[in-house]
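For reference, the structures are reproduced in the following blocks.
In what comes next, chain A is part of two complexes: it sits with chain B in the first one and with chain C in the second one.
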Partner chain A sequence: MRIAVVQFPGTNCEHETLVAVKECGMDGEIFRWNRPEQELCEFDGYVIPGGFSYQDRVRAGVIASKEPVMATLREEAERGKPIVGICNGFQVLVESGILPFGDGVRLALAQNVMIRGGEIVRRGYYCAWTMLRHDAEEKRCSGSYILRRGDILSIPIAHAEGNLVASDRKVIERLIDDGQIVFRYCSERGEIINEFPVNVNGSTENIAGICNPEGNVLGMMPHPERAFFAWQLPRKHPRVQGYGPGRLIFESMKRYIEERRS
Partner chain B sequence: MKVIGLADSELESSLRKAGIGMSVSEARSIASILGRDPTLAELFCYDAMWSEHCSYKSSRAVLREFLPTEGPNVVLGPVEDSGIVSIDDEWCVVISHESHNHPSQILPNEGAATGIGGIVRDVNCMGARVVATADPLRFGDPYGRESSRVRWVAEGVVDGIWQYGNALGVPVIAGDVVFSRCFDYNCLVNVVAIGVVRRDEIIRSRAPPGSGEKGYDVILVGKPTDSSGFGGVVFASDTLREEEEETNRGAVQIPDPFLKNVLFKANEDLFRLVREEGVEIGFKDLGGGGLTCASSEMGAAGGYGMEIDLDRLHVAGEFPPEVLCIAETQERFLIIAPRELSERILRIYNVDWDLPNVYEGARASVIGRMTTHDRYIVRHRGEEVVNVPIKHLTGGIRYERAWRPRIRNLLEPDVKMPEDLNSVMLDLLSSPNIASREHIYRYYDTEVQGNTVIRPGEADAGLIAPIRGKDFGIALSVDSNPFYGRISPYWGGATAVAEAMRNVAAIGATPSTLTDCLNFGNPEKPEAFWEFRESVRGLADAARNLWLKGYPGQPVPIVSGNVSFYNESPEGAVDPSPVIACVGVMKDINKAITMPLKECGDVLYLLGPRFDELGGSEYYRVIWGVTGANVPVVRFPLERSMIYTVIDAVDREILRAAHDISNGGMAVTAAEMCMLSDHGISIDISGVGDMRSDRLLFSESSGFIVEVVDGAEQEFVSIASSYNLNPVRLGRVSTGSIEIVRDGKVLVRLDPEDARDAWSSGLREAMR
Partner chain C sequence: MIINLRVWLKIPDAEAATVKNTLLRRMGYQGIVRDVKRERLLSIEADDVSDPDSLIKQLTRELVNENKESFAVSVNSLDLSNGFVPVKVSLWIEDGEAVSIRDRLVKRLGLKMIRAVQRANIWKLYIDGDDPESVARRIAEELLVNPNKDRYEIIKLN
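Now for the complex of A and B:
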């Protein structure tokens, strides 16, 4: 089982993402943007990691979305292979139109706007640990394949543009109706509160991650590779051993590939 | 340029007209060594190399006299861009610490960003992977006469740090911020970077042995050279004057984290190639003084000369030779490598990592070669524009500066006992110098690279686990208190060292090395130079007397540092600010502890007696508006014992939380431990001492408050007594309020929510 961690100039999370892939028992390598794109077809799954591809020129993710490797990734996605886009990877997937419906740019990840009590209390870059509620059905999405609906995960964010918006409300409604909303920012008890700090970036419907209609492509702003080992978690409470919740994303991808094969 | 035969006044005016900062006597000494009039390019090269920034001409003698730079764990002391100490038999930590004060005052965003950019290059060029940064910042009074400028600078600096560091992909794991009127016109932006490297894979910033005889190539990598930052080191070596702000802007460099991100990855391929081929190269970043500084220092360090051909440089336009020589264009490195390897090196940068397509004009070019003669020669359009003895250029000059104590008439005030200590507490908690740092650190990516174990806001030091499969972690903290430095530069230096070490110990890590970034006024003024000298003496004494744990009598070595003079404007100099960073080694990251209280029923202990030394304290300044005179001192054996006790107790896993006592004293320390948790405290300070209650609560004498696991009290006390300490039992972790009692009388009773509101808003308001 081989996973390509796709690297663009400016990507900065490829190494820890590859660690996570390998720690789950998958094979993987970092795939540089200027390699022949056909070589991508040899892989069983893909992760587009976080960073600032092409310096966020024009808009986060735009330039990378025009790279030849993205055209190949789109074809591979249509074959049902799993793709997980994390943070900037999510932005690239949205700008390439692979998410949400595969038919063009329908969403934007706009600048974070933190709103509390009807007032803007902050804007822009924010790095913090957030709680996520898994809102998709079990096995709905490749990157959350082994999670149940209602599961709560603690995973950090670090971005300036993660505020998911659509100019057409129908896009959001379709995401809800078709069960494409995978993760929502929630309180420690799992409540969806549309106020900062629970809604950490002002995202519509507290959306933190979505999948395509087929479920094999997941885009999420939080960074599961940074919550992979228990020692990475904040120690506010007595410590835990072993692995953190971020591991479930990568284990999901592995399970999805295994089940698709059999 | 004509030097010989000119009268002093003529020479002075012709130097200034040309934009050269050196003195008349310096120009004359150059002409006499060369035996002719120097060229314009030569004068500019000397001007950069002999600037305070590059040559340490005022500071070197003092640093040599006092600083302990050797120790059993030192792999490389302060001779190159970064210092290196060993962690275990295999791995080393690389550390560098610099200031970027002047540029940040003029152009806060770019100034701070290039500060980060420069410091990470310094660490990377030793062959290391850069794994963390820390940012000690000093801004003016946000409520004072210059409040709007101060806020503009503070906001721009924080933006510059996050925009650069986050994009580059290096986490910020530590830092501190102090606001004081003395920084109104001179902010301080210090930056610390650490990296990791295997001991046998360290790359040196010098021409390798044999490189002259074999005529090694000199290769310049990165951004095309332009005129940005031209004169940067000379600008950094002078006092800031408002009327020169426009011209000085040109001396600020332009940062590019995106290009740096790609360059770092290409550099890893370079390091791999060198390892596989088993050859030694020289590798150095281009920082202050640009190409001339990097190339001549590498040549001189190897004992060789070199010849550079400026026509082979990749450039971003037409520039005169002196600009190409000393402009501080960012994102560049210099390689000295065997000729047979050059083609493969060029390929890494120009083809594999595709620099020319990633950034317009960026690439790697062979620009010269090493020689066995002792000259530094630069050609431009076929003409020799520089031909000087290389060691004369890099050797700089030395000044013996005069010093004279600065007399301040400071008195201890006679303050009355406040009636309402609750309101005193709330005022202190919301003071910009004590309030939660969350407003700032949420801008920083503290998690990138996935190594972060303890992040800003969780403990007194940050902790990362940069090597997968190893249990050890690297702790980092920074400290300096300008209010103590103002009263006593000596104790300002000593307490900065002690606190930085306490911070690291508070998570359980063992202090392993120190760096110093020394920010002072104009060294040509005897009072400023005295402050510098006293601070260095104080910090050196602390480093010598606090001992490397496990090596009694041996200092905690200072392996890297930087001197920043001329932090002075016509309104005056900054208060003495020797900023110290401490790196600690945590043997097992799973044992590290943080600051918030963890379990109801656990027992709280105080380490460190309270003394009547409230000079420079938050209590005096915020509540009474006075400075005072009795500055906290470091009692070396006591300090050492406290640090060792905490390290040992964490290692035995009998502490659940620890926090060092600093600004605001033990009352604020205890409150902070509550506010970060869901718990309260109920403590009784009757056994702490005889001073009046306000003095007991707010004295900033050093110490710790620790949460001891219920049932392990005896073990903790016996560890402490093995170091001749008598810890004071304060009470227990509770579910309720923050309550402090003395002799049956309640002194403080705060609702944790009220305390948290005050504490979490103070910095946000100050930076709004």
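Now for the complex of A and C:
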């Protein structure tokens, strides 16, 4: 099972993402953006890790979205292969139009705006542990394949532009109706509270991660590779069999590929 | 009055170079786009200004780093030269950075006459061909703008 960890200039989470992929028993390698894009077709799945592709020039993710590898990834996504975009990888998937519907740029990940009691209390870059509620049905999405609806995970964020917005409210309604909202920022008890610090970046409907209609492409702002091992977690957080909850994202991808093959 | 402060880099502008490279190498604008330059525009609205020159000096001192940036100031107008299509890109959702700049000017520097600050990028597109404006619109929509948060306008040159 071969997984490509796609690296653009400015990506900075490729190594820890690769460790996570390999730790789950998958055969991974870092795939630099300037390799012949046809070679991507040989892989069974893809992770676009976090970082600052092209230094976030113009806006986060947009320059990387024009690279030939993204056209190939779109084709592979249409073949049903799994893609997980993490943080900047999510931004690249949105700017390339692969997410949410594969038909153009329907969303933006705008600058964080933290709101409490109707007041803006903070803006911009924020780095913190967050609680996520898995809102999708079981097996709805390749990157959360083994999670059940309502599962709560603690995974950290680190970004300045994760505030998911759409100029057309119908886009959000369609995401809700079609079960494409995979993760929402929540309290420790799983409550969706549209206030900072639960909603860490002002994202519409507390959205932290979405999938495409087919479910094989997941984009999420939190970094599962930073909550992969138990030692990465703060002491107060629950452990998952010696590992952190971030492992479940990579295990999901593996299970999705296995079941798709069988 | 509205003080328009245009700021551009003296050193090479990597962002403009990236946009040019992307247009030429990835998006099929070879032979159409000759060059791309970029300026930051801060439009600062102020009331009851008794000494405009002094206010402009204070603003440029605070908002421009002359070690790496050049600037031009115009009041109630935007004086741009010819030879390119200027595409002004700004946020239509709330611009937190612009709000922070206003708060800094008013609360920290005591410039109580400042009412509002708006921020934009002016992309100066040097385009060959018969209809540069429609090419500029296409470039804006394909690369410079995400309509879910940004808006753009082509500034008419005098």
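We adopt the following convention: the second predicted complex is superposed on the first by the 256 of 262 C-alpha atoms of A that agree within 3 Å, B and C clash if a C-alpha of one lies under 4 Å from a C-alpha of the other, contacts with A are read in each partner's own complex, and residues count from 1 in each chain.
Methods note: a contact is a pair of C-beta atoms (placed from the backbone, for glycine too) under 8 Å apart; a residue touches a chain by one contact, two chains touch by 3 or more.
Note that the structure is a prediction, hence the values are computed from the model and not measured.
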Partners on chain A (chain B, chain C) - clash or fit: fit
Which of chain B and chain C A:167 touches, first, second, both or neither: second
Spatial angle chain C-chain A-chain B, Cα centroids [nearest 10 degrees]: 70
Which of chain B and chain C A:15 touches, first, second, both or neither: first
Contacts of A:76 with chain B and chain C, given as first, second, both or neither: neither
First (chain B), second (chain C), both or neither touched by A:128: first
Which superposed partner A:232 touches (first chain B, second chain C, both, neither): first
Partner chain(s) touched by A:156 [first = chain B, second = chain C, both, neither]: first
Touching partner for A:55 - first (chain B), second (chain C), both, neither: both
First (chain B), second (chain C), both or neither touched by A:251: neither
Superposed arrangement (fit on chain A Cα atoms) - minimum chain B/chain C Cα distance in Å: 5
Common interface positions of chain A, toward chain B and toward chain C: 54-55, 124
Chain B to chain A touching residues, read off their complex: 162, 166-169, 257-258, 261-262, 352, 354, 358, 441-455, 458, 465, 468, 589-590, 592-594, 596, 598-599, 656, 676-677
Chain A to chain C touching residues, read off their complex: 54-55, 57-59, 62-63, 66-68, 95, 105-108, 110-111, 113, 120, 123-124, 165-167
Residue ranges of chain A touching chain B (in the complex, touch as defined): 9-13, 15-16, 19-20, 32, 34, 50-52, 54-56, 124-128, 156, 158, 223, 225-226, 228, 231-232, 234-239, 241
In the complex with chain A, residue positions of chain C that touch it: 14-15, 18-19, 22, 26-27, 91, 93-94, 96-97, 99-100, 143-144, 146-150
